[in-house]
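Each of the next two complexes has chain A plus one more chain, namely chain B in the first and chain C in the second.
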Partner chain A sequence: MDEKVPRSNIIETEIPMGTVHPAALEPYRVRFFVEDEIVQEAEITIGVNHRGIERIMEGLPVEKANALTEKICGICSNSHIWNSCRTAEMGLGIEIPERAKYIRVLMGELERLHSHFLYLAHGCEVLSHETFSMRIFYMREIVMELLAMVGGNRVQYGCSVLGGVRPRCDLDEAKLLRIKNDMDALEEGLTGFVERFLADSILMSRITGIGVLPQKQAIELAVTGPTLRATGVARDLRTTMFEYDDFDFNVITQPDGDVKSNLIMRALESFESIKLIRQAIANIPEGKVINRDWEMFDTDITESYIEVPRGTLYHSYALESGRVRHCIIRTPSMANIGAMQYACIGDQITDAQLCIVQCDPCFTCTDRAIEIVRR
Partner chain B sequence: MGIKSFSRARAIHVMLVYTGGCNGCDIEIVNSILSPRFDAEQYKVFLTWNPREADVLVVTGPVTHLNRKPLEAIYEAIPNPKLVVAAGSCALMGGVYKNCYGDIPSEEIEGPVENIIPVAAKVPGCAVRPQDVLAGVVSLLPTLLDAD
Partner chain C sequence: MFESTIINSVIAVVLTVLVCFIISTLLPGIERKYIHARIQQRIGPPVTSPGIMAPIKFMFKENVEVSSPVPGLYKALPIICFLVVLCVLIALTPEAYKIPALSSLVAIVGFLKVEEICYVLMGALSKSVMSVRMPFPDNVKGGAHLNATKSFVEDISSKRSLRMITYGSFPLYLALFAPVTAARSIFLSDIVSYQQIHGPFLFTISGAIAAIVFFIGYMIILNEYPFSIIKAKSDVIEGPYMEYAAKYRAVVVVTRGFFMFVLGAIFSVLFIGIPPTIFSWGILVNILVALIFVFMMGIFSAFSPVFTNRQLLPTILGTTLLGILAIVVGLL
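Right after this comes the complex of A and B.
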């Protein structure tokens, strides 16, 4: 299927979902316009949990603002604080110790693992396959305990600070050994899951060709992250980030852009993350983890892009007497909303929730956009 | 123990409402009920998404302006006896979002949850730990079972 054209004439039946709905954890509103149980048009409305983080950050000292960015999202909290610190470090020209870079990459990849496992578990749950869902949730606990071991909390570990990572997040031999052993256990569990998942013909027939997002449309909608790579575009910001210079990994792509491609995409990417974590603990350099030798001065607006579990994350702000000004944050789900709306078109209404979940929505971090209407 | 509380003790249904936090508490709570590691179902505590079936309402998040009415509607829809657990520092005191401008409260935030619906148990933490949520829900069971 190349082209799915949204209909422009009036469609009479509307099925609204939300704002609080069982299948979707987060509050958002979606309206499906259906004809004969086939979705002709979908419309997602967000803004229910707008809290105004950027406004709170405005005028805060940069260290406090960095800690606050973590509260944007409970799933990819480390990515936000990492990118926020990175923005200030780029503006102020702070050198980061090598060991801190490795620990940041390690935390980033652990977080990618837990986010992808959550995606797989949630996807299987929406597919009504409870057994797979439970198995992945059980594997995910291994990652959560590693995150708690390194950062001290299961969610929101506050690993990055200006100039490196918190001294508490430094890794000793025992911790490195535990991560190494857990990665072995995780790889074994994940391999077992992927084999059983691919061999399940009922499940495969249920997800093949559902929620197709063609490549051309994905590029047009500026979709990012694994959702884009599942349509066959090999675009990963990790290949350009200086933190990943020493690491060797493959950019995974999948051909079809349907639910099957998306689910397999996340599973294969988890293997790459395990590979990256193994490289990080094998080659971690000695030395200090934080560089406190830097000076504060006023900077222009600095921009930083990193690859987070869901796509490209953008932070930008200027510094004025050590305080944050003109802060803008753009999260990957913002770009992927278009993909979610498009993927639903042409499918049964019963699959609509699956089509939305396949794009890995995180509306909590997305709710910050303000539309300015000129009158 | 009457027959009512006897049967009630075998099916405590928890409903989760998420009112605009950061998703951290939310996933931890779904984990504590769903995931096999913490497995609340062994204490006969089940997760439901239907307010008419629920006994305990777990609220996370600082209750944003647009979420106030849905939360009130859900609370109204739950049959008596009903008890509310506020989980996470956002639900307890508005978290980092409430008093962001010093003494002037944020316009976006209606919370804490206490201002909107009566709260029976409070679970602190940012984000809450699944063990604490389980303890919070289990601590409500005597009140729930003795109610008419």
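Right after this comes the complex of A and C.
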């Protein structure tokens, strides 16, 4: 795979898009430098939705700070509160009940499903294939209803708390049966969709070889998550997370790093998530879902990395008198912005938004990073 | 006697145009409600909403000042488009056959070209906020190429419209001239008379091939998916129509439905030999053809992503070759 080299000489035409554009779900600005509709270089600028959540978290009691992290993202809200609780639990040495671990995994995988379905639907929308987009959104609705059943809400579930999960998120037999049945329906629907999608020659011609991100560049740019795995690198943090010790799943990879690989990657990962959810339902242990037997003490900065639908999520903070200090949150899209810019190069401007979307951006979540340049 | 004939002709044309216009306002709603929405398993808008209620609503909206170097011309272009479509429909009516310069294929092609040129001008004259530069240099993160000439997304749309004029709409024009090979005349009256004697041109080999080419050309000139590169949501958004609001947007919406009907009427005249007139049951055939085209277009567009140049060029090339084949078969 040839390396794509951004043009260093003067570019004649710049086409700025954003901060509001219908192909983008969120506000961001991208400048495309084009020659005859071919993108020579792209530059993404974020920062219009900075909310300063880490600053607000400073000094808050850790329980409140955890709840606040859920507001970072509307798609992976569960992942943020899970990782934030995990950070404190690691610092304080809190043991998590086995049943709570299973429920966290189940929620995490349901969230992965709804995130990947949103990705597929958005991808089809940017391709202007509304019918496929609608079809995926209908399937996603099943997952959203399940999340609402377990968490009480469709977006902010408030499932994880220090020491486990909220008792109201515990799963009885009826809920487990419903999840099991819905997974069957989802698998059937997704299989049908994937077969139809792959058989569509017009769609394949639109996505094959578009937005190619070679493996070497992906590693150099520190790309994470499914976007990295779509270039052939089998790196998934779930293989190292203790919550997934009892689970059996495959790390999916795709060879080409283009839009097609990325879309197929998410579809295949969704099947793996369904498999994980089924394992969680079948093997969920009896017992309590929260451990309240722990003591608060001051800790040094604790770091926690978990695999979320878009890649690696990082949370770190210290605790002083039960309050959060030195909080840093780093979302996967921060690492993937470079990939988005790179993927656009050499493709037509009609495909440029698609090249960005293939890296699954979530800029509103990413709008918290402060770049510190050491001079 | 002569005066009464003229008055009768004018009344016939006005009534025909009125009926066709009223029916045409339902076509966008039918496409969205009964085709797109049904395929996508959703309820969809009320059938009167896209073509009737939306323009009425737009008429009463407050207009915004367009961002254009020549606002007067920019605002006039939708009205010109509407008038062009109106002229095409008038040219198709039997009453217009008495004016050969108007009721010939050359005139029809000329009118359609004006419509296409309007898209180029609309794109070139629109400078919307969608791609306006920041009020300060974009160097917040060491931005590259600070001196690059800034272009608007509508400029791309304009260039694409120009490309569509040069080769994109070629299949449609080839299909329009296919019936000439049978009737041996470019005048609509002769083409209609020929078909009334020998049967519809559609039911010949040449006609069947040309009908396929006409349908693809129909979708191209209507900028419908997958050929809507001049207003693709993934980059140029609304393209030439970006800055139109209020009553100008109403004209744009109405013109689209009207154009759908008129293109169907062109097919009826050239391929079936039935011109649109209120004084003949044949107008039902015109309506039926318009509906069939809308249904087919709706189905095709619902299952297609937008094309880029990579898909568009081979498609147009293939369709053009098919159009040439139709003409060659017709000549043989």
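Just so we're on the same page, the second predicted complex is superposed on the first by the 370 of 375 C-alpha atoms of A that agree within 3 Å, B and C clash if a C-alpha of one lies under 4 Å from a C-alpha of the other, contacts with A are read in each partner's own complex, and residues count from 1 in each chain.
The definition used in the following text is that a contact is a pair of C-beta atoms (placed from the backbone, for glycine too) under 8 Å apart; a residue touches a chain by one contact, two chains touch by 3 or more.
Computed from a prediction, not measured in an experiment: that's the story for all the values here.
When the two complexes are overlaid on their common chain A, residue A:20 makes contact with chain B and with chain C alike. Contacts of A:354 after superposition on the shared chain: chain C is touched, whereas chain B is not.
In the superposed pair of complexes, A:49 makes contact with chain B only, with no contact to chain C.
Once the two complexes are laid over each other on the shared chain, residue contacts for A:126 go to chain C alone; chain B is not touched. Looking at the shared chain after the overlay, A:201 reaches neither chain B nor chain C. Once the two complexes are laid over each other on the shared chain, residue contacts for A:321 go to neither chain B nor chain C. Once the two complexes are laid over each other on the shared chain, residue contacts for A:134 go to chain B and to chain C alike. Shared contact residues on chain A (touching chain B in one structure, chain C in the other): 20-22, 47, 134, 138. Every residue of chain A that touches chain C in the complex is listed here, in rising order: 10-17, 20-23, 29, 31, 33-34, 37, 41, 43, 45, 47, 124, 126-131, 134-135, 138, 200, 202-203, 205-206, 348-354. Across the complex, chain A is touched by residues 17-28, 30-31, 34-37, 49-50, 61-62, 64, 66-67, 70, 74, 95-97, 100, 106, 108-109, 126-127, 129 of chain B. By the touch rule above, chain C contacts chain A in their complex via residues 36, 39-42, 130-134, 138, 140-141, 143-145, 147-153, 156, 159, 225-226, 228-229, 232-235, 237, 302-311. For chain A in complex with chain B, the touching residues are 19-22, 25-27, 47-53, 55-56, 68, 71-75, 77, 118, 133-134, 137-138, 140-141, 153-156, 362, 364-365, 367.
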